[in-house]
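One chain, subunit A, links the two complexes that follow: it is found with subunit B in the first and with subunit C in the second.
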Partner chain A sequence: MRGFKRIVPYIGLVLIIVLFSALTGGKLLSFRNLKLIFNQAVVLIIGCIGVTFVMAQGSLDLSQGSLLGISGAMAATFAAITPGLSLPLAILTGIAVGMINGTLLAFFKIPSFIVTLCVLFVLRGLTVIATHSGSIPLPFAMLSLDNFRIKASILVTVILAAYYAYTYTSLGKNMRAIGSGETSARYSGVPVERMKVLAYLISGLLCGLCGWLNVVRTGAADSKTGLLFELDILTALVLGGMPLTGGSSAKLQSAIIGGLMLALLSNGMVLVGIKAELQQAVKGVIFLLAVYLSFERESVVMIK
Partner chain B sequence: MKQHKIFCLVLTVAFSLMLFGGFSLFAEQAPKAEKAEKVEKVEKAKGPYLFGVSIWSDSGPLSKKVISNLRYAAGVLGAEVEVAVDGFKPDNQVSNIENLIARGCDAVMICNCTDAVVPKIVKLADEAGVPLALYFRKINDPEIKKYAESSPYFIGNVHEDEVAVGYNLGSALADKGCRNAVIINYNKGDTTAENRYKGYKKAFAEKGIALLGEQWDILDAEPAANAAESFIAAFPELDAIAVGGGGGGPLSGTIRAVKNHNKIGRIRITASDFGPDIAESLKNKEVAAMSGGHWTDPFFTFILLYNYVDGTPLSKKVETITMQPIYLTSVSEAQEYMKWCMDQPPYNDEEIKNMTVRHNSSFTLSDLRKIAAAYSLQDVIKRHK
Partner chain C sequence: MSLLRVENIDKTFVTTRALKNAAIIVEEGEIRGLVGENGSGKSTLVSIVSGIIRPDGGRMFKNETAYAPESVLDAGREKIGIVVQEMGTIDGLTVAANLFLGEERLFKRFGLLNTANMNRRSLEVLHRYGIVNIQPDADIGALTFEDRKLVEFAKALYIDPDLLIVDETTTALSHHGREILFSELKRLKKKKRSVIFISHDLGEVIEHCDSVTVMKDGETVDTVSTRGLNEHDLKELMVGRELQHTYYREDTEASYEEEVILRVENLTLNGAYYDVSFELHRGEILGIGGLTNCGMHLLGKTLFGLKPATSGSVEVSDGNKRITNYVDAIAGGIGYLPKNRDQEGLMLLSSIRENICLPSLSSIQKRGFISPSKERKLAQYGAEQLSIKMSSINQLCLYLSGGNKQKVALSKWLVKDSDILILDCPTRGIDVAVKASIYGLMQELKKEGKAVLVISEELQELIGVSDRIIVLKAGRVKKIFERRKDLTEEEIIHFMI
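Showing the complex of A and B:
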């Protein structure tokens, strides 16, 4: 059964591709459309990768949507001064928020669900203030940064770096050790608190990068930017086979497969011409199915 | 194991170099649009023209009417309409335009949530060679306006005189004797919301109404009800609530809050965007005056685009068409509105066909401007009675 569960996301991905390819007469897999899907999936996949580090410890990060908003707002604000400042400021914002999230969880022992939910609200308020309840346009020249080569390079670099850190370094191993049992990890010499802060720091850093990519893509930071992004991330991760409870079984592949699946699904439904009102319902049903298939009932624990 | 590490490191460094190569490319060639990613239009088999419409919602009274009216007009002209919902979020609006172009739409139209998103949308249309027009919106930012107007594929926009809408409704509140008002509005940065706000403020200043408070970013009934309840609790002297718009939802939430506090008739409400129960609301004195019926605005945008796509553009430059909404202040007016504008299309099949050069070779932009400017309840009654 476990072996089957492992391949369910891949079967799902193939099914989505086959189904929509047939329904769109091959349009789905045209080079142009694949580029479009990639374009729409980049931010989601990077966001998912960041959250994978957090979920590997059995925690959650619900602050991603608002962090995307505030880091985008910072990027757009500083881009008006000099475009070169936009990326560092977006990433620094992400790192700072990640530090706060991790510190509150690790040292003040507040559950991650509560911490990140509160930070979500705080950051949304700050985003509204930073954007003056409206939007901040990017300088026109920066629109050219919405470039396939740049995005592909960033995505591949992030995937490789994350895969290496998650799979081959003590950082990834320690995080997964916490996910399989915090007490035993502590007794084994894992610096639990430091690892928790680091996981949120990585998640924040990558979300800051997402904020910059998103603002470059839309040409503006807006008070509503990133609304419900955290739910998209959770949906993508679950579609990719990540158990909602996270833990040591969390795989980085879930982030990539899930992000692609969600982007393919959204794009495929538009190409087929499924009415907008039905698209959300379809996504909801698929999410429910994915949770049902990936939920590990025998090892269910509270999300820490 | 060690080989894995080395492999990963080498790839990481290689791609990092590619990344920075991409940036240096940007530094050298930033102004050249062709370096940016292109979303190209998918060639579709010959068939009816397909028009892509990005809209904030498909469930509110205004958006539903916009969609049904566009589908009706498209049906008359043998065209099709593809609708994508964007929730008034810039990232969704960009994705929608990309998806609609990829779907093979011959033209796209959007009610942009902010001026700031226009350059990106215009750029997508330019790169795909797909004509684009804005409905319900004018571009306030002069730089963005200049950028959009330099595009060969930006056809134009249709909008209402929103400052006049705010001013007229603000004046209506003064005529009812109101002296202390609040404004509940939607997005800051949205030109319609901001222009209506300007109009209300102008009327309030001229007619001696004190503006006690304002709440922005309200697009739905629930937050509108919460905002209205807070205002009612904070300002006992409150006698007017101006609802900036938002497609009908904020108005119903505001009415609910006023009703819950038994202040109907003591707190007057004005709003834009009629709901289906407008006659009932006027009868019960829930609203003092309303503007609406401007869902024909996207229809005029569609006509502009249809003529362009059909190879007979009404103009060779970017055009802006301004129209007036319908104002209702009495139950009888509301009943007439329901009868002539809601229960039947405000433009019949023959009139729609006559707005296209294909069916009426003498039709010009000036004719379309005249039709849009003449739109009113009386105009519809006169044409169809």
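Showing the complex of A and C:
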């Protein structure tokens, strides 16, 4: 049964590809469209990888959407001074927000759901202020950064580094241990508070990177940039087989395959001609369905 | 004619077989004891009889007619009542509302609940059973655990049950509460009603029951009359073979090296323990005993750096390091087996491998890289050392038996090669075979020159394994006993209470 559960996301991926290929008469897998899907998937997968570290501990990070907005705004604002400042500033913004999230959770003992939801609100407000309720264009020279090679190498680097840290170091193992049983992990010597802050720091850092990638692709930072991105990430992760409870069955593969699935799904819906408003509704239903199918009701009482 | 006849009941939870062919016959006017080790299936059996859960197979008869309750209310209609082991009352309601839960229609008029009437009836009911200190309109959440249990008891009694089931309740009751309980049981018996009484206090069972049914591993193995029965015989029935005392140490004198490995000075945690000082030596098994709330469990947590002391110090001799947090404690060579195995000792949703390796990750990593094969070897070694029964080291701990869980929890410190082991109730809720292997292990550690600190509520165990026993009373060291041949429980109890 466990083995079967592990391959369900892969089956889902194949089903999505087959379904939309059929519905679009093969347009889904055309070269032009694959490039579109890739663009969408890069940001989604990197965002998902960051949140994986948080979810492994059984916590949530819902601040992503606004973090994407504010880090993009920071990138665009500072790019106007020197283009070289844009990437570091976006990442620093992400790290700072991650530290705040992690600290509020670990040391002030506020549930992660509440902390990151509040931060989501606050950052959206700041994004609107930073963009003067409009948008900040990026210097023309920077648009050349939006090329396949750069994005592909960033994506591969992030995947490899994250996979290594998550699977082969005490960092990843400690984080999953917290998800499996926080008290027991502590009693086995896991520095729980430090790990919690670290997880949000990683999540924030990668989201900052996403903010930069996004602003480079669209050419401007907008006050609405990243709206509902946090829910896209959550949906993608659950589709990819990530347990909401975290723990030892939380796998990094979920981030990659889930991100890919949602990118395909969103793109496919556009191709088929489903209205944007309806797309959100469909995503919501899919999210609910994925949670229903993957939720381990028996083990949930054992967790928190 | 038997009042209750239960035949061939089976029940499986996920993968654990809780009941196998369980059977019990209770006669009219009989007080029946039900005993067995933890996990032997007592609570499951009575939960089925009282309709809380449903069996997978088997049949039940009440007064020789088929009986298959779908809920507690069903059972109540058949006049079978239960006082459960856990909390059986509902917070946020008054005493009266709890008492008449499900029976509100008795006090309803035109859809409105006549609370005054209900309170009046509640007071009558409570007084009938000699419970005079509880007000019907009080919020039940404000009552002590004992008073809540008494309310439950009254609730089970007022339906005038043919069969009353009392599941391990007496430990929550004071002397006064027990008096009420036992006098009511006697009254039921006089009225030709029956009782099933579950308790771990075998003396109590023998004194108050007519006969006793023994359960083991989900089976009802025997039913005997309590006339002329003694506790020792009953224990033997419970473990299924003759009790051997040999699993304790055979030597009768204290022996340990001179080298001090852990030094505790004037340790105080306000509200828990005060001014505790002692030295733990290499090759010593040091016992700490006392009543549950004497502060010894919190003391164990402080020694491992989990619960900061108000004043005083804990020092490991290796480099004279002071222990103030758990990371330092582990680095200083201390391992800790908590009392609460499932919440504190193990990550149930992780594999045996992950549990065993967790504290040792820092020592098997090489420049940050943890090799999966090294991890596997370490876990395999640990699991084999304690002969953990498992399908593989990748099995989740969730589905292990209590004894095997305890072995995993212990194994992580053994593979870490900890010099000092703090074991809080190491044999709580585990069977005799695993108990024996844990005692054996403690002696091996002693031989290797490690030090073991055992915190236990079982005096027999402390006497059996310790070189010295520190007795705590209300958080203060009352006496330190050296190991000797004629040390008795009575002698120690004297300093505990």
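Here is the rule we use: the second predicted complex is superposed on the first by the 293 of 304 C-alpha atoms of A that agree within 3 Å, B and C clash if a C-alpha of one lies under 4 Å from a C-alpha of the other, contacts with A are read in each partner's own complex, and residues count from 1 in each chain.
Following the convention adopted for this analysis, a contact is a pair of C-beta atoms (placed from the backbone, for glycine too) under 8 Å apart; a residue touches a chain by one contact, two chains touch by 3 or more.
Since the structure is predicted, the reported quantities are computational estimates derived from the model, not experimental observations.
Engineer: Counting touched residues of subunit A, say whether subunit B or subunit C comes out ahead.
Structural biologist: Between subunit B and subunit C, the winner on subunit A residue contacts is B.
Engineer: Would you check which partner chain A:Val128 touches, where first means subunit B only, second means subunit C only, and both and neither mean what they say?
Structural biologist: A:Val128 sits against subunit B, while subunit C stays out of touch.
Engineer: Looking at A:Gly247 after the superposition, I want to know if it touches subunit B, subunit C, both of them or none. Which is it: first, second, both, neither?
Structural biologist: second
Engineer: By the touch definition at the top of the document, which applies to A:Gly189: first (subunit B), second (subunit C), both, or neither?
Structural biologist: A:Gly189 contacts subunit C only, not subunit B.
Engineer: Once chain A of both complexes is superposed, is A:Tyr168 in touch with subunit B (first), subunit C (second), both, or neither?
Structural biologist: In the superposition, A:Tyr168 touches subunit B and subunit C alike.
Engineer: For A:Ser180, is the partner it touches subunit B (first), subunit C (second), both, or none of the two (neither)?
Structural biologist: second
Engineer: Kindly list the residues of subunit A that each of subunit B and subunit C touches, one partner per complex.
Structural biologist: The answer is residues 168 of subunit A.
Engineer: Over in the complex, which subunit B residues touch subunit A? Could you list them?
Structural biologist: Interface residues on subunit B, with respect to subunit A: 1, 4-5, 8-9, 11-12, 15-16, 18-19, 21-23, 25-26, 29-33, 35-37, 39-40, 42, 58-59, 82-85, 87-91, 93-95, 98-100, 102-104, 113-117, 119-120, 123, 141, 144, 147, 187-190, 216-217.
Engineer: Hey, which residues of subunit C end up touching subunit A in the complex?
Structural biologist: It is residues 14, 304, 306, 326-327, 330, 336, 338, 342-351, 354-355, 357-359, 361-362, 365, 368-372, 396, 398, 412 of subunit C that touch subunit A.
Engineer: Per the contact definition, I'd like the list of subunit A residues that touch subunit C in the complex.
Structural biologist: Of all residues in subunit A, those touching subunit C are 168-170, 173-174, 176-177, 179-181, 183-191, 245, 247-249, 298-299, 302-303.
Engineer: Name, in rising order, each residue of subunit A that touches subunit B in their complex.
Structural biologist: 27, 30, 32-33, 35-36, 39-40, 128, 131-138, 140-151, 153-154, 156-157, 160-161, 163-164, 168, 214, 217-220, 222-227, 266-267, 270-271, 273, 275-277
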